[in-house]
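Two complexes, one shared chain (chain A), two partners (chain B, chain C).
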Partner chain A sequence: MVHGAARPQRQKSLRARFGNLLSFRWAAIALILIGWFVYYPIVDNFVVSTTDQDIYTGEVTNVGLANYDRLLHDPIVLVALWNNCLYAIISVVFQVFGAFLLAALIEDLRSERWRRFWRAVYFVPSAISITVTGLLFYFIYQPQIGLLDAALSRLGLGQLVQPWLGNEHTAIYAIIAMSQWQGFGYSTLLFAIAIQKIPRDLYDAATMDGAGAFRRLWSITFPLTREMTGLMIIVTITGAFQVFNEVMVMTAGGPNNSSQVLGTWLYQKAFIEDNFGYGAAIAAVIFVLTMLTGAAQLWYTKRRRVQL
Partner chain B sequence: MSATVAVGRARHVNVWSVIARTFLYSFLICLGVVVIYPLIWMALSGFKDNAQIFGDPFALPVHWAWNNYVQAWNQGVRGYVTVSVLVTVASAICTVLISAWTAFGLTRTKMPAKPLVVAIVLGGLMLSPTVAIIPLVKMLQALGLYNTYWALIILYTAFRVPFTTFLIRAYMLDLPGDLDEAATMDGASEGQIFWRITLPLCRPIIISCVILHVLFAWNEYLFAMIFTSGSDVQTLPVGLTSIMATHGTNYAVVFAAMTISALPIVIVFFAAQRYFIRGLSEGIGK
Partner chain C sequence: MADLTLRQIRKSYGSVDILHGIDLDIKSGEFIVFVGPSGCGKSTLLRSIAGLEEITSGDLCIDDEVVNDVPPSKRGIAMVFQSYALYPHMTVYENMAFGMRIAKVSKAEIDKRVRQAAEILQLTKYLDRLPKAMSGGQRQRVAIGRAIVRNPKVFLFDEPLSNLDAALRVATRIEIAKLKESMPNTTMIYVTHDQVEAMTLADRIVVLKDGHIEQVGTPMDLYKKPGNLFVAQFIGSPAMNIVPARIETAGEVTAISHIGANKVTVPLATPASANGTEISLGVRPEDLFIAAGADYLFEGTVDYVEQLGEVQLVYVDIGQADLPLVTKLPGNVEVKRSATVRLNANPGDLHIFGTDGCSVLQPQSAHGQTGPRL
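So, the complex of A and B:
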């Protein structure tokens, strides 16, 4: 039915042809909006990245690839790239594999009421704005009023007490930890949905054959949600290279640029230091990275023979 | 797991099963505390005075200072909530309508070059706002939309149409086509079929899409931060950081403002959980 329009119709009259063209009106607004505000800016970004713009005089000079050259010699870009990679690695561990295990544990509970309860509880932070959770953890990590240091002293771990976001060595990890706290419930929910789609009788048959909980997890749940796992890994990595909000709210890249990610470094350069050209070059790097993961995702879904 | 209790080793299995279960529940409960306690702490801190906030963070408020919430509401939050509601509702309506139109065109009409249109629309899923942000600033300034509601409404719509179209299209593909074939026989136009037959049939997925969009628009930060600067056009997420900047020392008011902005979305989630989960499972199941 999808490809109904592609059926060869040799004796198609001019009128019918026109009528078919008229059907474009259904998609027209979407195509215009997406073309104008989503696709065109990406193209324009490459143009901007080869220029140097003076925001005071509005003068635009073409500088060729100078911005990219500068990028290669910018030590903070390396810091940012590494922080994005850390984000990706830690998020894959917690939000893909951790969430998978948690979802399997929850779906193994016998009462549907409790399953629904735990899924909902863990999801709550994901529903809340990243500004709120970012600010909340900004306070939690604060040495004077925060929960974390107070809890550590109470547990006798006083030597660990420190300004988590004010320390160059801990800032990015503190931010990533907040992000795991906020995001794992979302992926747990997605895995739970995938696990629910596995036919129950597979489990019943395995149980009859004497397979324990771990065996069922390893031989049924994991293989049958592998596609979901693969997709989640790609989506999580893509997200890790686009991260912006939580870093912006909690440290704005500080202290001493130690928690910069590509997104915040772009913001710093383009909007604080008013260097659109260099900001656009950083954006181009993010674009290439997300295109790579996007291509991986496309390849993966194609292989699953999912229609796109 | 009770089925594994084979007759001969019933006791043995039971002991281990009880231990495993205890571990499992303790783990789930501990994790639940880690997830929920910070949120409770946030709401409770909104009721404290500054002396108490600097005291024991685990203590309950001594005097329940509702005044902090009133103060937060009157000193900015009310305005931010109004803007957030306006932008969220307007962009939700635009997004869902435009997506439903597009999905209808892609599944129910003889539109030529459908695979190409699908590729263009869904290709938008891969493009991230961060990459487009600098050209968008130039563009919206040129259009005179900088620092207006329209900037956010248009951008939220443009960037969410691909995903929403994806969900609605998948749903429409699964709808039986005989009803609208019959309607075409009776001489109904495409427009009539869309409004009278297809759209009502898509109600469940439309509701899911609205909820997913509300969750997105209510919480969006990057666009809202960059495209609005006046406090009269700022949404809640951006407004919160402004409150933080102006009331930075009066922590209790900041906590109260955070709680007020988190509460509606948590309520929406719990009230509409069913539709929300349907939206997610449509999105990943196809």
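So, the complex of A and C:
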């Protein structure tokens, strides 16, 4: 009797284990792919960053933390890092807080038709590839044939006319401005979606409580889109540290390395100057910076999450 | 204390008319319930009174002052929403204090009023909680508390119980009734599609349909003397039975016949010209009973029986193609399916409606016309 009773239990347990194994097998395919294509390259990048590699001979020399030491004393890395920070700060101001304000204004419109129209107007630039946008703005900023300088001249602001991408003091700002134009609509659309999720009754209740438009924005819309704001800050800052295409297309880091960002400097070192170890060290810095930013923001957002 | 007067209130969204000239006088301290089917305009009317919807034309007066252009917060009105509309990121205390903070009421006064309201609504121990940590009933009490602290002249309730389960709904309904008792001078306007709420809470009920007022009256007025077919069938559950009939003999008392049943005499004077007029005969399920002798009103076979314990709903096929007659009988009366039954009602419990749907038993209809109108 005892044996008879124990058997089905063991069978059940085996079946349960087999079931678990089966489900693990399904997950394993995805895990192997992610591991191979995402996590292994991250680890390998750190390994490469401690070496000096010769692309022609294939010779690999272990140099320890020498690449990181060199990075700390590289003045262009500082310029690039500052440019990335500038990119992040300006993008957060425009693409997060600016987009939030614009989305709130659009969603406050009474007519659904106008709301759709303005969402579309602002979203269109985001549908264009960043490389194409970079090329487009490259021509807009041209001193001879560019639209910007022509417009400034027509408006009587001739003293402002200059080669925007050829000037060390304006090149990075010109690129960042283009980037805001391109990304602004996408952020606005995401904020519009977040605002639409806020029940209208809350605004009605606030109106009954005597809240005007600004008070409703500050006391209702802003706190209730905090999760989206947090997400947008992460995406914008990590995006700012990974920026590459537009800089490469418009200035390639010039003039005189004034518009270098970590991404273009990494490319320059690893693929133009064949210094893979140093390039990997820059990539490691980008990875750590973006990961820390993301982790900090996720922690903050989770702590302040509001359940609607 | 506030009297409310609505004069020819119209509301349109583009070419779609929602309210078609609403006229209504609400006395200070009255508990008025707007009731009607979905889409009848009751919530729109309430929101128009609150100032959340701009009225297209007409005048809305509070204490003889036209408030059409007065902002919602300055009308002396507070509103309790169907979804509670509590600010999810604020504590119960902050939710109740929000309006007063905007109005720049002193901190001491805010604290006093919030704690007073919390005491009345038994919310004191929840003041530091966020709404998400509270039950539906507690949230609704917070919403009521938020309205109370503003000391409004008029309270508006927009289907406040519809998100609660059945048991909580009854409990909260009683709480609202007690709240009204404790604030006898405060005017309350309550929107619902639930006629039990309407009947139990209202001093007067306003029945709306398609943006028109169908009838205004006390709950028992509407139940006993419905002004038209719509009100007759809307008030009461199950709905009033309506059977096509004809006036056989007009006079001091009126003799009526209907298909498949005996002639019945009702104590109602009708003009001679009414002879032969097609009418609708209405009788409530609870007014029908099993006929004892040969004197009966309806004869038919039992189609279906719903036993509810104390009472039973008996569906009787009387030969009308489109409707069985519903009868509410005591639960202990034995009624078998397919059996033939004869039903009777007191002549005074019968309702007669003319071809235009208006009751001829109603001397003055909601539309201001006098009956009988055949």
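We adopt the following convention: the second predicted complex is superposed on the first by the 283 of 308 C-alpha atoms of A that agree within 3 Å, B and C clash if a C-alpha of one lies under 4 Å from a C-alpha of the other, contacts with A are read in each partner's own complex, and residues count from 1 in each chain.
As a convention for this text, a contact is a pair of C-beta atoms (placed from the backbone, for glycine too) under 8 Å apart; a residue touches a chain by one contact, two chains touch by 3 or more.
Note that the coordinates shown come from a computational prediction; the quantities given were computed from them, not determined experimentally.
Colleague: Go through the superposed model and pick first if A:P41 touches only chain B, second if only chain C, both, or neither.
Modeller: After superposing on A, A:P41 lies in contact with chain B but is clear of chain C.
Colleague: Touching A:P223, do we find chain B (first), chain C (second), both, or neither?
Modeller: second
Colleague: Could you tell me if A:K197 is touching chain B, chain C, both of them or neither one (first, second, both, neither)?
Modeller: Once the two structures are laid over each other on A, A:K197 reaches chain B alone.
Colleague: Give the label of whichever partner, chain B or chain C, reaches more residues of chain A.
Modeller: Partner touching more chain A residues in the overlay: B.
Colleague: Identify the partner contact of A:A270: answer first if only chain B is touched, second if only chain C is, both if each is, neither if none is.
Modeller: In the superposition, A:A270 touches chain B alone.
Colleague: Considering only the touch criterion stated at the top, classify A:A171 as touching first (chain B), second (chain C), both, or neither.
Modeller: neither
Colleague: A:A127 contacts which: chain B (first), chain C (second), both, neither?
Modeller: First partner only.
Colleague: So, does A:T290 touch the first partner chain B, the second partner chain C, both, or neither?
Modeller: first
Colleague: Taking the superposition on A as described, I'd like to know which of chain B and chain C A:M208 touches: first, second, both or neither.
Modeller: Both chain B and chain C are touched by A:M208.
Colleague: Please indicate which partner A:V247 is in contact with in the superposed arrangement: first for chain B, second for chain C, both, or neither.
Modeller: It touches nothing on chain B or chain C.
Colleague: Of all the chain A residues, which ones make contact with chain B and with chain C?
Modeller: 204, 207-208, 210, 306-308
Colleague: In the complex formed with chain B, which residues of chain A make contact?
Modeller: My answer: residues 1-6, 19-21, 23-27, 29-31, 33-42, 44-45, 48, 102, 105-106, 108, 110, 118, 120-125, 127-132, 135-137, 139-140, 144-147, 150, 181, 185, 189-190, 193-194, 197, 204, 207-208, 210, 212-213, 228, 231, 242, 244-245, 248-249, 263, 266, 270-271, 276, 279-280, 283-284, 286-287, 290-291, 294, 297, 306-308.
Colleague: What residues of chain C sit close enough to touch chain A in their complex?
Modeller: Listed in rising order, the residues are 47, 50, 52, 71-74, 77-79, 81-83, 85-89, 98-99, 102-103, 132, 146, 150.
Colleague: Could you please specify the touching residues of chain B with respect to chain A in the complex?
Modeller: Touching chain A from chain B are residues 1, 3-4, 6, 20, 24, 27-28, 31-32, 34-39, 41-42, 45, 53-54, 56-58, 98-99, 101-102, 104-107, 109-112, 114, 117-122, 124, 126-128, 130-136, 138-139, 154-155, 157-159, 161-162, 165, 173, 177, 190, 215, 218-219, 221-222, 225-226, 236-238, 240-241, 244, 251, 254-255, 258, 261-262, 265-266, 268-270, 273, 277, 280-281, 284-286.
Colleague: What residues on chain A touch chain C, complex-wise?
Modeller: Listed in rising order, the residues are 199, 201-202, 204-211, 215, 219-220, 223-224, 306-308.
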